[in-house]
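Two complexes come next, and they have one chain in common, subunit A, joined by subunit B in the first and subunit C in the second.
Up next, the complex of A and B:
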């Protein structure tokens, strides 16, 4: 498997089809993976792929918008690429996607590989990337369906309990904005939270400001979040951010029949409307 | 709950229909509770979800978005977009602990002064029943 990736990367670099190959390499601790940027064909042996390759590399494509780039993409990363293509952030002709059939990646905590799969992989129904130029691994037929059990569990709580539940989580937020930095959907030149006038989220340490940030971060990704789980993975205080994203995903699928990242052609739900649609509020 | 509790409602009214509707309620001397603080916006489609969340953060007990009836938008399609945003934002805020009843989207035309006053009275009653929002 890894030889296929390395050979393809080598071929692409030697033929000058791409300038850079974005993939994974072994980190200095010898256990975990880290993103690798390969410019030289002689360095392709640095590339690896295994169940420690947790990162979503599509984020890095935004900085390489106008350069021919190849990327190693898991199914979740491929959905990210589709999202960026859909929003005209990338040019398809500049991209070469090395798709990898993925059966889930492992949890990494304190530089230790744990035995269980990442949370995102436990509910991910996809094993083959949605978009690729070259596929590594044997294609499998998708069988799993989407399930939102943990979202429904929170919906079933009383309003007061939910408020308490989220207050406990948001109070821990240190607003490092790691969730934003790692997200390929958060590519705004100026984030609303960085604006000073109007000051949407103040810099004081207060739970209402944390709440403001977390609410709007999630809502700006409504109908756009591709459930790669990167925000939750990088959160230093373990806020279950995917519970927010998946609630919005559930509603988007239900109301607008739209799944982000499945293809790059369907117009996103907030960029369009249907005149006669009944969204449960028409009078 | 204190008996003299008066909820604060932030009302985002579209310039072309609902604001004129609220104005009509005034000029035709219909009374409605003074709990609503009206903010005039060019179109209900101007209301960014950010405004709503910010209003709740700064202590609003309820938020009302009101615009032209579907199909009557001055800008042809502004309220279609409002509608899509609203149906996603309301359950999301509810999910985070802000009750569904505190956030409303209503279509009020320029001739519906009566409807506006009834709407605000009813909304105020609802909010009084639910009680103050604990942040």
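Up next, the complex of A and C:
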């Protein structure tokens, strides 16, 4: 598998089809993975692919916007690419996508691999990337269906309990914006939270601002979040952010029968308006 | 014979102290260990077997957010300065983190001292806890500290099988220990755990020569420019200040900021001297490994390993130091 990735990367760089190949390399713990940027064909042997390749690499394509770039893409990375293509943030002709058939990646921390899959993989319905130019691994027939059990558990709480639940989590937030910075959907040139005029949320790292930040960010990703779980993975204080994103995903699937990232063509529900559309919300 | 306090006696001592002082101690919940204020009835919540907290104790002196003063519109506007009411005890500070506070002291207590920081610092006692099992990413011994370094705490507790050896460091803690259930006992000081070394010596000299090396842009390729490293760091201390205006009240607020933020150096008119990813990432390492040492003598790193652990993309200060040393030509 890794030889196929390395050979393809080498070929693309040698033929100058791309300027850079974004993939994974071994991290400094000698155990887990980190994003790798390969510019020189002689360095392709740095590339690895295994069950510790948790990062969503599509986010880095935003930095390479107008440059021919190849990327190693798991299904979740491919959904991120589709989101960016759909929202006109990337040009397809600049991309070469090395798709990888994925059976899930493990929960990792620095110097530590756990024996269970990442949460995102527990509910990911895909093994084969949605979009690719070259596929590594044997394609499989997709059978899994989406499961929202942990979202339903929060929905079943009383609103008072739910408020307490989120208050406890958001109060830990230190507004490091790790969640935003790893997210391919958060590509705004200036985030609302950094705007001074109008001042949506202040710089205070305190209860009310933290709640505002986390809720607003979730809403900005409604119908857009591709469930790669990166925000939750990187959160230094363990806020279960995917519960929010998955709730909005569940509602978008239910109301609009729309899943972001599956293709680059379908107009997302919040980018369109249909006169007379009845969503049954106010009934 | 050594002065030792047993685990049970330690907890009852803290229970007693909580009546008079704000006691802050490590508590583990929701999968993270953080310093929390503990009331007398909550001492059992304290996590005594933690490796280290996710966020450093700098938060207690340099909080994520604090109001510097408030102006209230009465008949005449009145300025109400912020002040600390109650003396505090931070229990369970690791030697590396105590050193982090000592490094921030150099910047914040240099004249003219930062009054808000100074007041909290003076009204706080640090009860240190020596490390018996450092994390694999720790390297305190390479940057001038050690797992049982008593230098920057007021009292150091060293865990042994017979209880905690109490090592009094300052007069501040002598007072605190009066009436504490410390007993004479046979306790063997455990041997220090060994840590991997990082070639930090002489790094400042090399840093001064490699500012324009393309290396920084290459490392920045994978950096996502969140503020995690700066916020978990025990000695990063950048901040932003803004005024909050509401009806009849203005509050001047100081909150954490970091050199990794896109707008951190943006100035009026929109120009940003550090607008590229590489220049922002480089700034972090230059402040730690060149500017701070030039100004205050020590490199601004305690080897706690938090940034290594928390970085989403494995930007590892140990690797940076090794790479920079290799550039020595």
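Going forward, the second predicted complex is superposed on the first by the 278 of 283 C-alpha atoms of A that agree within 3 Å, B and C clash if a C-alpha of one lies under 4 Å from a C-alpha of the other, contacts with A are read in each partner's own complex, and residues count from 1 in each chain.
The rule is short, and it goes like this: a contact is a pair of C-beta atoms (placed from the backbone, for glycine too) under 8 Å apart; a residue touches a chain by one contact, two chains touch by 3 or more.
Note that the structure is predicted; figures quoted are calculated from it, not measured.
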Fit or clash between subunit C and subunit B when superposed on subunit A: fit
Touched partner set for A:176, first subunit B, second subunit C, both or neither: second
First, second, both or neither for A:155, with subunit B first and subunit C second: first
Which of subunit B and subunit C A:134 touches, first, second, both or neither: neither
Partner chain(s) touched by A:208 [first = subunit B, second = subunit C, both, neither]: first
Superposed model, angle subtended at subunit A by subunit C and subunit B (C-alpha, nearest 10 degrees): 90
Partner chain in contact with A:163 - subunit B first, subunit C second, else both or neither: first
First, second, both or neither for A:109, with subunit B first and subunit C second: second
Which of subunit B and subunit C A:233 touches, first, second, both or neither: second
After fitting on chain A: smallest Cα gap, subunit B-subunit C, Å: 11
Interfacial residue positions of subunit A with respect to subunit C in the complex: 27-29, 32, 34-37, 55, 59-60, 63, 109-111, 168-169, 172, 174-178, 180-182, 190, 194, 202-206, 230, 233-234, 236-238
Of all residues in subunit A, those that touch subunit B in their complex: 154-155, 159-160, 162-167, 192, 200, 207-209, 211-212, 215-216, 218-219, 222-223, 244, 247-248, 251-252, 255-256, 269-270, 273, 275, 279-283
Subunit A contact footprint on subunit C (complex, rising order): 30-32, 34, 54-55, 64-65, 136-137, 218, 221-222, 224-228, 230-232, 240, 242, 244, 253, 255-258, 261-263, 277, 308-310, 312-314, 316, 318-319
In the complex with subunit A, residue positions of subunit B that touch it: 49-50, 53-54, 57, 70-71, 77, 80-81, 83-89, 91-99, 105, 107, 134-135
